[in-house]
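What follows is a pair of complexes built around subunit A, which joins subunit B in one and subunit C in the other.
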Partner chain A sequence: MSAPPVRVSEGLPSRAIAFAALVVALALMAGMLLVVVVGTAHGFWPRKLVAFTLADGSELLGEPWGEEPDPQAPGNRRVRLKVGNRDLLGQDFVFVRLAEVVAEAYPQDAVVLERWEYGNFYGFPVLLKYDGREVAPGDPQFEQALTAQLAKAYRITKRFATLRARITTAPSEEELAELNTLAAHLSSCNLTLRTASGVTKEITCGEVVRLWRPNRMGLGAQTLEFIRRLWQFLFSEPREANTEGGIFPALFGTAFLVMLMTVFVVPLGVLTAVYLREYAKDNAFTRGVRMAVSTLAGVPSIVFGAFGLAFFVYQVGGAVDRLFFAANLPTPTFGTGGVLWASLTMALLTLPVVVVASEEGLSAAPPEVRDGARALGATRWETLRRVVFPYAKPGILTGVILAVARAAGEVAPLMLTGVVKLAPSLPLDGTPPFLHLERKFMHLGFHIYDVGFQSPNIEAARPMIFATTLVLLLLVVVLNLLALIFRNKARKALEGGVL
Partner chain B sequence: MKGALACQDLIVGFGATEVLRGVTLSVPEQGITAVIGPSGCGKSTLLRCFNRMNDHLPGFFLRGKVWALGRDVYDPTWPVDSLRFAVGMVFQKPNPFPMSIAENVLFGPRLAGIRQREELRVILERSLRAAHLWDEVKDTLHASAFSLSGGQQQRLCIARALACQPRVLLLDEPSSALDPIATAALEETVSELASEVAVLWVTHDLQQAARVSQQVAFLYLGKLVEAGSTAEVFANPAQPLTEAYLTGKFG
Partner chain C sequence: MAEAREKARRADRLAAAAIAAVASLVLVAVFLLFLYLVREVWPLLRSPRIVHGGQFEQGKVLLARPGELSGSLWVLREEGTLEISPGGQLVGLEGVQSPVRQALTDRWGRWLGVVHGAGFSAFRLRSQVRFQGQDRVLELRARTVVFGDPGDFELLALGGEEDPVAVGRWGQGLCVLKGRSGSWEAQSFSQPPPRVAVVEGRGGRAWIAAADTLVLWDLERGTRLASAPLSSSPTSITLLLGDLTCVLGAEDGSVTLWEAYPSGEGWVLEQKGKFTGGSPVQALAPSPRDKSFAILRQGVLELANLTSRKVAAQVPLPQRADRLLTFSPRLDGLLVGEPSGRLHRFAVQLGHPEVTLGTLFGRVRYEGYREASWVWQSTGGSNAFESKYSLVPLILGSIKGAFYAMLFSGPLGLLAAIYTSQFLSQRTRGVVKPVVELLAGVPSVVVGFVAALVLAPWVAKHIFLILLALVFIPLLLVTWGVLVERLPRPLQLAYERRWEALATGGLVALAIFGSATLGPVLEPWLFPGGFLSFLHDRWGVSYDQRNALVAGFALGFAVLPLIFSVAEEALSNVPPSLLNAALSLGASRAKAVATVVVPAAAPGLLAALLLGFGRAVGETMIVLMASGNTPILSFSPFSGMRTLSACIAVELPEAAYGESLYRVLMLAALLLFLFALAINLLGQVVARRLSARFGGLR
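Let's turn to the complex of A and B:
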């Protein structure tokens, strides 16, 4: 007789490997979040202005944006300095070799001017002229007058812009008169500044968004400034090819697109699921439909974009134009990309998710409860609406969550169906008919791509990229949370307690 | 055919299987008629013929005649939803709807188009009282029906059926998921109702059939073996098969 076999365990330490995978996954996610948050904070925190005197005698004033090894002189370090004054110097950033710096100072009276055009101006105020008066920095009234005049100019500029946006055709006489008065006001106020290198520059007050003195700011003032900048970032219009200003139109466009898409995809997806689950017999046709739906979920998004362009934009949009907007042809109205076609394309893209989740939701209603309703004489539809639907709601909302998260993050299909880098007006505004579904729109995802990779001034735009990414992440999180709250409410209502 | 419910030469099956093989039965307009028989003999199928609940099941076929409230259930002028509304049914497992206690009871009346608050309130109280549930839930009418115990849920289902004011109640082993105390409460409730409505009660519990019913029908392998007054059948079964079942030789 031979000896009985002996079992020798050679299994991998599966628990340790699985745990390691989890750690790596978490680290990657946390790392991504950290990069975005740190990038945003780094970019938006107000910096001190440093004045460098170089070995050759020249002077530079600007915000230091980090030190790095100098690739041209090994062993040396250089500072990236944002010197602004693009209209004078041609570029916002210069590199300063630390070895060439002889003196470094933080002058108290250095100012930053945020301008509507040409980016920031860094320098020292020399003279303020307004209403025929002249005030110099030594004057006790200077500070007060400067603040008041700039605030006034800001208001007038805003008013000027609104007025001009409203006037589409020839302005009326009153409007023309007001425009002239405003323009006269704006040109009556001028601020003369001196740059670090000694050049004098006169700037009209109307060019200025804000003025501040970073070197006089304490921690409290810096924090306030930081919050103010984030606020401005969220709620103002982009300027200077999207590298400055805010992202409000993109934020609004993304939310609008997602909501419009939800309006399209939820009824369509839920009703499809209702048909498949409640009415259709289990045969080759329904199995085929189910397979097609799940295949649709795996189709690359750019394919949906191409379809949206070919079908919605050219076919449907073209037909709509021929029927209803023939007077404008050959200029297309609906026959070009727009928020309506983009949201329909996104609805198609997210349809499988909603159908599958809704089907699961519908199957959560126990058959005996359906029987109970039928036995009371309820029709199929009444049973569905009053008894099955409460059970299906959490599942349907899960589908909506997934669809919304996906739609908020997609960019590729939008690029073909109506997203633009700069939309002159929002799809929802105060001019009748208020809802402009044919308009092109801005989107956070595309904004990141545009600012990050298509921008003429990539260095200046860097903080915007991080911040836009953060906003997009937060938007997806907020939309998810909302849907989650609705879902849990529906679940709780189902499980009992007060309805 | 006379009676609240009746069938004649009823043959029912699904696909290739015949479940009922020629059943003729009449249920009186008051009192409880129990249907007994071993598992799989077709008790539930028979019960579900009277409100056409089998019709959606795959492969269903039916031959013979079925009447409810003196009318052919397949009368084309009698829509199936109206038939079901007129014939109340309570299922094996309590199946409250995902809504409040009050809305569960008012489900039927609302389907019938009753909208007036006062009328609905009267129906709600009357139905819950008849189901012996009013005192337990009168302060929590707007709580979810799922907050009730199993026995209470089953009585809620009875109240829900009663709210449609049916003249017939079909009970499909309604106490099989309940504990003995809840079962006793349910039996008492239904016994009281039986003075006004006809009750057809399917049960696999012989003691229960003996306790609650005035009439009994014994089904075996899709055939009606014996039917008659409960006292008579339990004391002196005419068929040897009935006697064997009643004495526990099979089933």
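Let's turn to the complex of A and C:
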């Protein structure tokens, strides 16, 4: 007699669904990273300048920013062309319907001018005037003169801006004289350009940040330009309502906030963890502290912001104002949002992370080592300081890194306690008392929200938003990876039992 | 040596005390958090108060009005002069000859109309607070705008902007006097004789109440716009700030609220509220700053509010005080007068009369609305805007967002956790877990940005494809799984061991590819004109680009790592003996997991879902960016929403400290805090209960 066939259901359909769920979850993260990277690359990679001649005779010059189906002529496509020249045309982008294009060219002498105001200028150089001389593009010295003059004007403009920022109320004779000389230098150099449609414009050399000819660039030059743009993005100041320039103040503000927050949260968090791990007895107080930590962990971040506003800004800040800055009232000094209150709020928010990680770190010290120290007559405090703490360092560091990563990305509480779209000055600068804790600051996360949703020209700012997002994402990912590595090291030390 | 040890012991005690103190700071911080939120919300509960501030004799006065300077007022004497008090400064009224028979101001004290021996004069009043040395004094100027002799009439109301308009009773009919170029143009109409009237600030319309009818009168064209019958004889009338709501006091003590709505070609008057009272209404005064008003009855002065439809405060006063009811311009006082000339002053602490439990959570009929509804619209163009502080759209918005987030990430997270903890090799699990933890660290700003600026437009264009893919993927996977199960066991096991990953991944890709190719073909066939226009035309469902679906997806994405981690932890902590017992009895791995491991880990799984839900409700940035942030009440996944957290983030920086909006937003923050606490507690309770049921197997 043969055995009946065994039918075992492996549950393959449910397994498949479960596995697909995992794949989808992982793919989503990769997808998001990809979207941000592609968006940044797409935005920052230098494009060639294309000159379109349309059926009605008009000429357009600009950077092509994407093709899409033409909604007005189904079956055809249209190109979004960045024509710049905001001061002449009023808008940055136009749609060019490919059906209307008669001719398409990539003129070699077309230039892009990155300007301090009004965004990019696309056109053709006609004449360069400097120090009383005139040079035209046909002249062999033109290129050299142009590069030299623009570089000089750039330096002068920067010097002018620094000098003017330093002069406050009573400028000295020399400073005024220097300002005048610089202004004279700037006005002595002019560049005349012609747009694709034939309009001529004369601009002073001091208005130009950079000039380049995209159609003459090879792959190497394009890569260099790409890297140069990313560098500028990280280290220069924003312009044009945050839609151009760089994010340096936002990076600085985030770093400053995070460092100030660390000053508050590390002692508070580590000592709380020490109490919970080493000194706590099983009483109501300990239970209360534990519940407090877990409550703080569950509170939504915006509630911290509301508390920070009500308590730190209005209550404590108002009291500080009345006690020390009464002369300024009713203009608030500390009674309004600022980097001090924001960092205190963030310290409260990230406290649970530090406590949990520090507790884990403190557990890394093996009981044998502790007992050994106590057996030799060390007090609890001495054991803690000399024996346990070295074991706990990786765990504590993990906690700090995680707190920093959280603070770099958390925006909601900051919106209520002192972050701004554009800060006129940094919280740390050269004017005494050097540390200005009452100043408002800029923040990477808020920058993304602000430029992406509250800027006057979102389309022009798209590359900036993608790049800022990439910077924040990379920062947070790197920090979290570091924390992961430290935590693994700590866990291995725990298992190994030796330092 | 002993010294050193003694020092060390002292240091130890000091350290212990200091560390305990620092730990207590955490406890203090949480208490402070709760306390401060409550402290900022508490004033909402305080009811407005009127306190008698004293009475004083001014001699016989015809009119009295509080001035802009605190504690000042001006009175009109029978001789026809204005006297400012304190100070006693007299302001003469040009052309006024005794006897002064009648004097009236408009509601806000801008116009002064005097019927006197020589005729009827209208003055434009301008008051200023000036510095006289160290003191501040009230300065009053009265400029004659119109003077004429329109004959015998009873002045009822005054109004207008550049030119004054007066409404009165002439004989047994209505008369309207328009001031043009310094003189009066009189018009009389045969209407039921008016008892009381009030003119709108712009002088275009007037509300006139006769013995049994309320009429809305067009002053420019001289016609009746709308009328409504009255059940009791009117004794007093006024218009609230903004000139939309008319308040009518009657003989039977009732105070009714009226509003005019456009209907067809004309207008219709609707009574939209009623306050009852014991004694007949003697006077009404509108608040100059908000939608409150004062009701003067015999023996009692009441303060009522339009939005809450409640009498917020009451104070008794002498029966003789029956006239001259006015608010001070700064809304900090009320003036009531007696016929003898004695004036009573009342200090008013208004508080927040428009915020009550009824207006926060119930349906309110606001100005301009025909029906009571839940609306959040905190600010408008001017002070005359009726702020609408209903928390209901916000609460429902938070729940809606969290619901769609859980719809996406709940099953996904749990399933992924089940697969990771039960079916993945140890090595792969060691890679997957940290990767998902990294995902947890992604800031919500980044997720919100990608969702709003990249995903939302893409979803709007390809919504049909996405829905198709959501159907295809599970369908394909289940079909494939069922087919493979038909294979003989050795092949099944081989598949499990080597081909499963590849096959599943390939199938998902195939399903997506299939939707992408089939979509453009199916859509015009099933839904001619496009899926979205089909929804719009057939079912009236409109599609917003930034909607609950996209925001829910993004929220779910942010919450997914949390659910995954907690669920995975719970599943991994199930004792392997349980799983092995099931396997040894012949169950397949999947069956063992489904029937033994998952129920054993149920406390943790439920805790994961609860934590995820709690986190999704509290999330701010994603909703702010991806949901359109519109405070509408709708459960459609294709429309946006505004959550409590997003509302706080957007509106709190703009709210002035201490005003109603600030306190309501603090209330919203308190609600979020309590909700987070409740979810945490619930999670713990549920975990413990289920643990008792299933965890006893350990």
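Operating definition for what follows: the second predicted complex is superposed on the first by the 454 of 499 C-alpha atoms of A that agree within 3 Å, B and C clash if a C-alpha of one lies under 4 Å from a C-alpha of the other, contacts with A are read in each partner's own complex, and residues count from 1 in each chain.
Quick note on the criterion: contacts are C-beta pairs under 8 Å (C-beta built on N, C-alpha and C of every residue); 3 or more make two chains touch, one makes a residue touch a chain.
What you see is a predicted model; the values in this text were computed from it and never measured.
Touch criterion met: A:G288 reaches subunit C, while subunit B stays clear of it. By the document's definition of touching, neither partner reaches A:A184: not subunit B, not subunit C. In the superposition on chain A, A:L224 makes contact with neither subunit B nor subunit C. For subunit A, the partner with contacts to more residues, out of subunit B and subunit C, is C. In the superposition on chain A, A:A405 contacts subunit C only, with no contact to subunit B. Of the two partner chains placed by the overlay, subunit B and subunit C both lie in contact with A:G377. In the superposed model, A:I448 makes contact with subunit C only, not with subunit B. By the document's definition of touching, of the two partners only subunit B reaches A:P366; subunit C does not.
In the superposed pair of complexes, A:R386 makes contact with subunit B only, with no contact to subunit C.
Shared interface residues of subunit A, touching subunit B in one complex and subunit C in the other, are 377-379, 382.
By the touch criterion given at the top, residues 51, 53, 56, 81-85, 88-89, 91-93, 95-100, 107-108, 111, 142-144, 146-147, 157, 160-161, 164 of subunit B touch subunit A in their complex.
Within the complex formed with subunit A, the residues of subunit C that make contact are 5, 8-9, 11-12, 15-16, 18-20, 22-27, 29-30, 32-33, 36-37, 39-40, 411-413, 415-416, 418-420, 423-424, 432, 434-439, 441-450, 452-454, 473-474, 477-478, 480-482, 484-485, 489, 492-493, 495-496, 500-501, 503-505, 507-508, 557, 560, 564, 586, 588-591, 593-594, 611, 614-615, 617-621, 624-625, 645, 648-649, 652-653, 657, 665-666, 669, 672-673, 676-677, 679-680.
Looking at the complex, you find that subunit A touches subunit C at residues 6, 8-26, 28-29, 32, 35-36, 39, 267-268, 271-272, 274-276, 278-280, 285, 288-289, 292-296, 298-307, 309-311, 314-315, 348, 351, 355, 377-382, 384, 402, 405-406, 408-412, 415-416, 445-446, 448-449, 452-453, 462, 465, 469, 472-473, 476-477, 479-481, 484.
The touching residues of subunit A, when paired with subunit B in their complex, are 366, 368-369, 371-379, 382, 386-387, 390-391, 493-499.
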